[in-house]
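What follows is a set of notes on a single structure, which appears directly below.
Labels run A, B, C, D, E and F following the written order; every chain starts at residue 1.
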Amino acid sequence: MVQKPAKSPPPYPSRRASESAVAPSSRRTKGAAGDDDTVITALELPGAALTPAMQAYFDKCTEKLGFIPNVLKAYAFDMPKLEAFVAMYNDLMLAPSGLSKLEREMIAVAVSSHNRCYYCLVAHGAAVRSLGDDPVLGELMVMNYRAARLDRRQRAMLDFAVKLTAKPWEIEEADRNALREAGFSDRDIWDIAAVAGFFNMSNRIASATDMRPNSAYHG
Amino acid sequence: MVQKPAKSPPPYPSRRASESAVAPSSRRTKGAAGDDDTVITALELPGAALTPAMQAYFDKCTEKLGFIPNVLKAYAFDMPKLEAFVAMYNDLMLAPSGLSKLEREMIAVAVSSHNRCYYCLVAHGAAVRSLGDDPVLGELMVMNYRAARLDRRQRAMLDFAVKLTAKPWEIEEADRNALREAGFSDRDIWDIAAVAGFFNMSNRIASATDMRPNSAYHG
Amino acid sequence: MVQKPAKSPPPYPSRRASESAVAPSSRRTKGAAGDDDTVITALELPGAALTPAMQAYFDKCTEKLGFIPNVLKAYAFDMPKLEAFVAMYNDLMLAPSGLSKLEREMIAVAVSSHNRCYYCLVAHGAAVRSLGDDPVLGELMVMNYRAARLDRRQRAMLDFAVKLTAKPWEIEEADRNALREAGFSDRDIWDIAAVAGFFNMSNRIASATDMRPNSAYHG
Amino acid sequence: MVQKPAKSPPPYPSRRASESAVAPSSRRTKGAAGDDDTVITALELPGAALTPAMQAYFDKCTEKLGFIPNVLKAYAFDMPKLEAFVAMYNDLMLAPSGLSKLEREMIAVAVSSHNRCYYCLVAHGAAVRSLGDDPVLGELMVMNYRAARLDRRQRAMLDFAVKLTAKPWEIEEADRNALREAGFSDRDIWDIAAVAGFFNMSNRIASATDMRPNSAYHG
Amino acid sequence: MVQKPAKSPPPYPSRRASESAVAPSSRRTKGAAGDDDTVITALELPGAALTPAMQAYFDKCTEKLGFIPNVLKAYAFDMPKLEAFVAMYNDLMLAPSGLSKLEREMIAVAVSSHNRCYYCLVAHGAAVRSLGDDPVLGELMVMNYRAARLDRRQRAMLDFAVKLTAKPWEIEEADRNALREAGFSDRDIWDIAAVAGFFNMSNRIASATDMRPNSAYHG
Amino acid sequence: MVQKPAKSPPPYPSRRASESAVAPSSRRTKGAAGDDDTVITALELPGAALTPAMQAYFDKCTEKLGFIPNVLKAYAFDMPKLEAFVAMYNDLMLAPSGLSKLEREMIAVAVSSHNRCYYCLVAHGAAVRSLGDDPVLGELMVMNYRAARLDRRQRAMLDFAVKLTAKPWEIEEADRNALREAGFSDRDIWDIAAVAGFFNMSNRIASATDMRPNSAYHG
């Protein structure tokens, strides 16, 4: 559905948010994950026509990744929602920041591990593997970030992000100061909070809709 | 800072996200809440020049509310972040939906109550009071939504939103079916999840930065 | 029922603990709170005749508050229970103590917030508003006492009361010493514990019986 | 201190709530429990002169039990507090009720087990052993009431009391109806709630003050 | 069943893991504990013939204790399982170690208290009573080890064991160092972990099967 | 250390449980996992001489796996402990059972996921991948077993194992009956409990000692 040009509305009522035209890079037979490439969420949401901007973005995904991340296809039933999600995601994860892209993905995975979000753990665990030079780091973020050998800065960053996830009501100035003492600026603190906050949102949307990661993430 | 035209950058490094030009509708002496109208967060973030779109939006807030919500001033250190937040917020809370605006605010407050987020409880508790015709409803959402006399639909909606907040890893098809049986469409389920997810993000950004609500909310 | 002289027993079997003779200061139509002024609890308990002492006490409530707090009407099915509750409550909250009346109400609300007790949050939130000169303090106690700007003494007091509420089994000498270091005497520690303990009792009786606060508290 | 006639005030500043004149039925050397018969709480509270009513009550305890329960000695620094506690306790645990005295003690112990209150588990575990004809029942209440072979009525009673202890904010009409279906009247529901509530108070006062049970309870 | 010589298989299908030939030292009528001496678990598992080694071990139990602990009878449906359990148990609890036998039993009970395991609390509470010279120590371990007057070493040992039970994912080098500072060697740390781990296993097998302690433990 | 013949004791005090003679199949530079192949635990335990049986077992591991699992090297400081562990492990995971080997590994991983045990998740996640024909199943067990598409039998099995892990005190006959209704025999229930119990032990020993998985598991 989502691959149609903006002017021609989808001619069919889709059953479940689904992908029809984009061939996944690897097809799997249906197993414990279900069929991640054709049934993307548990909700039946008729696809909307992509706006030109979103069409261009989807094309870019296909070109660079070889597939369109299922979260984008899940949002593609409504263009304002898709565009707002893409704008916020890209700013948070890709714009200049005192946090490296790898660090932002580490937060994403540590938060998603606390929330046990299957979609986000698969997709962002893959990102940690791809951005880092340490093949085990993604696994550690998925399983228990406390078991990783991290420098003080990254450990403080993840401790803050996970406490903010688990008990946001107990975050106080002492927690912010722990970040400052580990070398983070106030702007960095915002970014840690914003990335942790964003995945607390995404984890819940993915869990609420039973979102399935693209099979391509599994390699 | 936020009131400057987009072209002239702010000439001063601000101390803490702060408001300088917009007079709050009611000034309070400093009490247990701190000084909500001049110190907005615990982070020192130099203000950015508002883009024309954001300047227009802030003007509209001032015109319609009499003040600019502090969450917007807190985000105003960076225009892409502010614009993404505003776009997502306005779509979620104001765009057409099977959920009424009051219902979306009820979710906002019930989620914020679970997370004990001072900023969001004050700001959105006020919204429930202003949108509903029942003056006690906002108080019930803040204190314990289970104590409210709600119809089956609204109770199912809040049960889902709060479970999704507390234990997102335990949401399954049975939970979605409980919503369907209460009369919600799959699109409605998305909207419930998206609003609940959004406040799980906002609650954490507010708690991480010790965001203070405008004194005007307290009436 | 509860306003009858002691010698004449109530001539009717009441349905639910209810108020018949005392006109509430403000009548509301039935909303999300139910009808707080006529259905006080979820239990049907026939009213007992007030003893002269309790009649005098109820008269004093009516004179000073304009209404009889629903918790008293709820207990009025049995005079020994009502009298024991009133004696303990008045000693704890009103007798001389190293804690001010406002501080005791702050403990009441912070404990009731942890326990999410609708009745106690409404009634004692109103007390904090009425005793304090800071209109926002009651709201902060209801929402998250950690967000309030408190001096060290009051913060230590509430930290102890809330830990005692959440994990009484982990209270140890170090917790008592934190109070002593914040300036509290051993007698003060007893009073903090006794007020926190009392509201852990009251919160549960109110929740167990779905006790509704008088509509007058909502102002 | 507490054994002095009401008119003569205690001539000494006591160190810790302590017993001086009443010989414990069995003296133990100091072990893991500390010296339960001379150091009763961790707070130093000068003893008050007993009122005649309380002197008579203490005399009755000595006569019937062979000792004065330490909780009474702990409260004896202030007569209004002691009298209010005694009045409420005796009404709840000894006055006529649809719950047997054994059932009320079972609630006391199951609640105290959830709260892991050493004082109350020792004192009321002993009461269950003394009131019941099943020597193992007290042990089961202390360790895990769910492991006991109880009839449906008593199981429903304890399930309600323990849920009310653990998550009072989740008690709703369905919970009350489960009691009604197990044969309890609305008055019985009040009594279950009141006993459970009372021990949620007492557990916290005992934990907050490190109250030690009389060595006599250990037999 | 379990008392048969290894060569003759049991001629009957047993109903529930049960004891037939070994007379309990004290028979009780059936009460809240059920009939601990004839119905040992909730599972019907046909008994296996004891191997000579296990027969000898059971004989030794009968000789030294006067009865065969029910946990052994529960495992006796399968000789490799029984033998592995016995080998591990005896090594952990009886082999030379920097921890005394009493200390190992204290860990057993503190862990079982966290897990509220009826079987293990009864059986190992009895062991603490029998190994220690302080009759109250077992009760304190069952109820709340934090209330016991322990030296720094034993307190550190139990804090580690109970944290490892409650939140194993949060154990880090600082926790191990707290043990080292309390005087424990690395080998001792292993032993603390191994005993705590073992009872986290046994507690779950006992709870999963509703294992009942021998009535003899109750004295 | 562990590769020495049984008769010659290790001539050196080892620093940390370490491997010296067995070359790992793939050496990694030190990253977030530390150096899993040379520092196996955080404890310094001098190696013991392998008994002939254990030497044979280690040889068999090397032959079949290409390496000796680090958990075995960690236990190799003491032969009775190593032998008891190996005996219990092999019986539970490899002996005939109504549960397939894959099902037993699924329990291992779901339990280890609840306990966030890095060692066990890596080692047994690899086992699920190797035993199953569905490459994603191991990932689902690590991340959130509830997201897997399982048949009723396996779902019931994991629900029981995870509840037994999280709240063993709440397991009752209804939980066992849910397994029976899903087709499990009483013997199968024992095996589910025993495997879940075993990993609740192993997870804690691994977390207590900061055990690191062999780098070979990461492929």
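Details
Note that in this section a contact is a pair of C-beta atoms (placed from the backbone, for glycine too) under 8 Å apart; a residue touches a chain by one contact, two chains touch by 3 or more.
Quantities reported herein were computed from a predicted structural model and do not represent experimental measurements.
Identification of common neighbours of subunit C and subunit E yields A, D. The chain with its CA mean position farthest from that of subunit F is C. With centres set at the average Cα position, the gap from subunit C to subunit D is 23 Å. Each chain gets one centre point, the mean of its Cα atoms, and the points for subunit D and subunit F are 46 Å apart.
Once the centre of each chain is set as its mean CA position, subunit A and subunit F turn out to be 31 Å apart.
Contacts with at least two other chains are made by residues 116-117, 144, 169, 172, 210 of subunit E.
Every pair of chains meeting the touch criterion is listed here: A-B, A-C, A-E, A-F, B-C, B-D, B-F, C-D, C-E, D-E, D-F, E-F.
Chain contact summary for the complex, subunit A toward subunit E: residues 144, 146.
Remark: subunit B residues 169-170, 172 touch subunit F in the complex. Residues 42-45, 77, 80-81, 83-85, 87-88, 91, 95, 115-117, 160, 164-165, 168-169, 171-173, 176, 186-187, 189-190, 192-194, 196-198, 200-205, 207-210 of subunit C touch subunit D in their complex. Subunit B contributes residues 28, 30-34, 113, 116-118, 121-122, 133-137, 139-140, 142-144, 147-150, 210, 215, 218 to its touches with subunit C in the complex.
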